[in-house]
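Two complexes, one shared chain (subunit A), two partners (subunit B, subunit C).
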Partner chain A sequence: MNITVAGIGMTKFGELWAASPRWLASEAVHRAIEDSGMEKKSIQGLFVANMLSGMLGMQGHLGALFAEELGLSGVPAYTVEGACASGGLAIHAGMMSILSGQYDTVLVLGVEKMTDHKPELVSSALMGAGSNEERLTGATFPGLYAMLARSHMEKYGTTEKQLAAVSVKNHFHASFNPLAQFTHPITIDTVLKSSCVADPLKLLDCSPVTDGAAAVILTKKVMRASSGVQIIASQIATDTLGLSGRKSLTELAATKIAAKKAFQQAGVEINDIDCAEVHDCFTIAEILAIEDIGFGNKGEVGPRMEKGVYTLGTAARVVVNSSGGLKGCGHPIGATGVKQIVEITNQLRGACGKRQVKNAKCGLAHNVGGTGATAVVHILKK
Partner chain B sequence: MIGIVSYGTYIPKYRVCTEDIAAAWKKNPSEIIGALGVKEKTVPGVDEDAVTIALEAALQSLSYFQGKPSEIGALFVGSESHPYAVNPSSTIIGEFLGIGTAYLASDLEFACKAGTAGIQMVAGLLAAKHIAYGLAIGADTAQSRPHDALEYSSAAAGSAFLLGSSNILASLLSYTSYSSDTPDFWRRDGIRYPSHAGRFTGEPAYFAHVMGAAIKLFQKTKLRPEDFDYCVFHMPNGKFPREVAKRLGFSEKQLAPSLTVDRIGNPYSASSMMGMSAVLDVIKPNKKICMVSYGSGAGSDAFFWKTTQKLETVQKKRKQHKGMVCQQIENKTYIDYFGYLKQTHKL
Partner chain C sequence: MISPVKIWRNQQHFTKLIGKTGIIVSWTMIRVPPDGFSEQAPYPLAIVRLDDGTHVTAQVVDWDISQLHSKQKMITVLRRTIETTADGVIPYGIKVKPI
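So, the complex of A and B:
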């Protein structure tokens, strides 16, 4: 099922007050096309990942909108929505369209413009990813992930300091990423002293509200060596929309299923993975992801996180979230899953500069929607 | 030469502490004080509004004025809490001041910079020799929705600058403006409390406009930040003026005398004029001041003032009458959060 990542591009992530969604999309796509060395006319399909445009901006029909904006009118265009996993789903959909034989080359664009809207409206719109029961109780995602964190703490003794270590690691990695929202390192103490959002999660345990776009060109054509990164597995799994239907609150079953299937599909082992971008919308989410994918045993990842086992420079094996993850690099919802592919591709190309993982040959991207109702896992190799 | 002939200030005596507001909403007070830099804020008395506050400030300014009220040819009142939507504050104040009828009166609204817009308008009329004296007032009983972040800083106060062409205590040597359609904070007609766009009120709004106006002033006057003795900025909280001063290249020492926000909060249209008044109260003649206001929506007015020998005479009178900004700040009575809700007619 090998699909080549022909071109990648992304904007700076952050509070981009002066940037419109159209500008963000154009910028990311322009960079991806330039990176691919292909002509725009090679693109036969457009997959747009976005979650909030319809709810916050009253703008749906994004496939046609961005096809027009990007000079791709006439090209088949789709919008893919799967909450925070929209980007991963769009990559998967783009790949399936190629594998079906319909297209040779497609463009996957993830874009989200969040800072134009009031924080309470953004929080409310994000709850579109939750269940009706959760919305009715007034829950928000920090609250839901706080329940997952509390459950993990009670069952495995995970500490707030261990959660904070995730944020510290990801800010450290983001400090080497010029496109990241936060490029300043932080300390455990800073995280622990930040405002409490939903106990035990503090402000610095939470990913930010971000504007940004990322674009990936996928093709089945044979590309030049420098672009020769391939996606060798793409798997999706789903679970109940709300937490109340889950058998366990200390794992995300969708992640476990998608990861297991992805490793089978790719024919690689967990120890083959050199770098991984996992969905750290909250610090507990990264600990769950690392455990559920299999980079660490249940209950052991918290202590390992404090020891720098997943940190650039001190990692025992896999480096997790070299981009800074959602916490450090930012989390423009629809763009996140596409950005993960951009980062892993850059790592496998050896193009990450100071945050380069040495001799990276195989990478994994893990994108989650809601509290694990959707999980998407991709495995890439050089 | 055009400049300030006299100035007056009025700070209501009631205070509510940030920690009391925070406690009402189960927030950590030290976190909020640390984030906003406001320990307590002024609260208007139950019978005070923007008109009474503006009048008190204007009366104080006229008490140091050697001329007659009837010599005042223009009166502009800047506020975003004019008690009437239709019926000018300026004529009520003009009537109580005894200005007569031969004057131009107008109410101004430009969020927190309506007062300084009045200063520029008076300066224009003076330069054109249409008037001998003009009064520009910034006064507010700042609105904020309970439990909104604004509730910790929105305050009440007024400041009045009487401008003229002779007997001036601070010369107005240059001024600039920087305006754009940047909707960071707004209140629609008939709506009680303002809305704001959270963090958008920072970089693209306050910082872009304050710095824009200040840099224009530096270019126009060929002065650098270090050439000024003091600087004054609009103070929506304690952090923004400190940050913008730093970015522009001013020192903490240049800024310190103007920082009234820590103790009185943000009285919207009166904020930068109150900061300027606090500086005028304590500095010596022949000192250069850079003053920059900010109004959401958005715009900034920047001014280059230079004090004269006459300042000392007014300073003495203000001190004698216990009318200095620092004296008014210390004349206070604390009320609790429920008292605050009652006095601002929220209960």
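So, the complex of A and C:
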């Protein structure tokens, strides 16, 4: 099923007051096309990943909108929505369109504009990813993940300090990423002393509200060797929309299923993965992801996180979230899953500069929607 | 804004959910509420396993901090939920109360 990542591009992630969604998209796509060395006219399909435009910006029909903006009018264009997993789903949809034989080369664009709106509205709109039952209770995403965190703490003895270590690691990694939202390292103490959002999660346990876009050009054409990163597995799994339908609150079953199928499809082992971008919308989410993908046993990842086992430059078996993850690099919802592919591609090309994982040959991207109602896993190799 | 028709439709189901008992499986305290819940914050939220084995996610009412822990016995009650909108329909829903 090998599909080549022909070109990648992303904008700076952050509070970009002056940037419109159109500008963000143009910037990311311009960089991706330039990176690919291809001509724009070779793009035969456009897949746009976005969650909030309809709810916050009252703008739907993003396929045609961005086709127009990018000078691709006439090209078939789709919008893919799967909450925070929209980006991963759009990559999957783009790949399927190539594998179907319909297109040779497609563009996947993830874009989100969040900072135009007041926090309560963003919070309510994000709850569109949860169940109606949850919305009526006044639940928020930090609140739902906080309940997952508490269950994990009670079952495995995971501590607030271990959760904080995720945030410290990801800020540290982000300090080497000029496109990240936060480029300042933080300490365990700063995280623990930050204001409480939903007990036991504090402000610095949570990914931020971010504007940004990321773009990937996928092709079945054989590319020059220097940019020959391929996606060798793409798998999706779903689970109940709300937490009350789950069998367990200490794992995301969708992640387990998608990861297992992806490893089978790719024909690689967990030990082959050198770098992974996982969905750390909250610190507990990264611990769940590392466990559920299989990089560590249940209950052992918290203590290992504190020891720096997943940190760059520590002889880590696998470096997790070298980009800074959602916590450090930022989390423009629809762009996140696409950005993960951008980061892993850069790692496999050896183009990550100070945050380069040595001899990275195989990488994994893990994107989650809601509290695990959708999980997408991609495996890439050079 | 929630449509009055949607409120009416949802409320058809509530009667069979009232008066059920169960225990807290996990809980949190919402300190940064979504739109429509500002007047109630901070408020606890819990996932409760009912005696029939099903789970419900609900806001906790009439609570004391000593009652916010797993295995605390709870009962489902009918309460006002989100702030009333311009339509004037008062939305009710299921919440849980320590017993």
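Assume the second predicted complex is superposed on the first by the 381 of 382 C-alpha atoms of A that agree within 3 Å, B and C clash if a C-alpha of one lies under 4 Å from a C-alpha of the other, contacts with A are read in each partner's own complex, and residues count from 1 in each chain.
Here is the rule we use: contacts are C-beta pairs under 8 Å (C-beta built on N, C-alpha and C of every residue); 3 or more make two chains touch, one makes a residue touch a chain.
From a predicted model like this one, the values you see are computed outputs, not experimental measurements.
Of the two partner chains, both subunit B and subunit C are touched by A:119. By the touch criterion defined above, A:245 reaches subunit C but does not reach subunit B.
Contacts of A:139 after superposition on the shared chain: subunit C is touched, whereas subunit B is not.
Between subunit B and subunit C, C contacts the larger number of subunit A residues. Applying the stated contact rule after C-alpha superposition, one finds that A:102 touches neither subunit B nor subunit C. By the touch criterion defined above, A:18 reaches subunit B but does not reach subunit C. Judged by the touch definition given at the top, the superposed model places A:154 against subunit C, while subunit B stays out of reach.
Looking at the shared chain after the overlay, A:264 reaches neither subunit B nor subunit C.
In the superposition on chain A, the residues of subunit A touched by subunit B in one structure and by subunit C in the other are 119, 195-196. Looking at the complex, you find that subunit A touches subunit C at residues 119-121, 123-124, 127, 131-140, 142-143, 146-148, 150-151, 154, 195-201, 242-246, 249. For subunit C in complex with subunit A, the residues that touch the partner chain are 10, 25-38, 40-41, 43, 45-47, 54-59, 70, 81-82, 91, 93, 95.
On subunit B, the positions that touch subunit A within their shared complex are 28, 31, 195, 197-200, 203-204. Those residues of subunit A that touch subunit B in the complex are listed here as 15, 17-18, 115, 118-119, 195-196.
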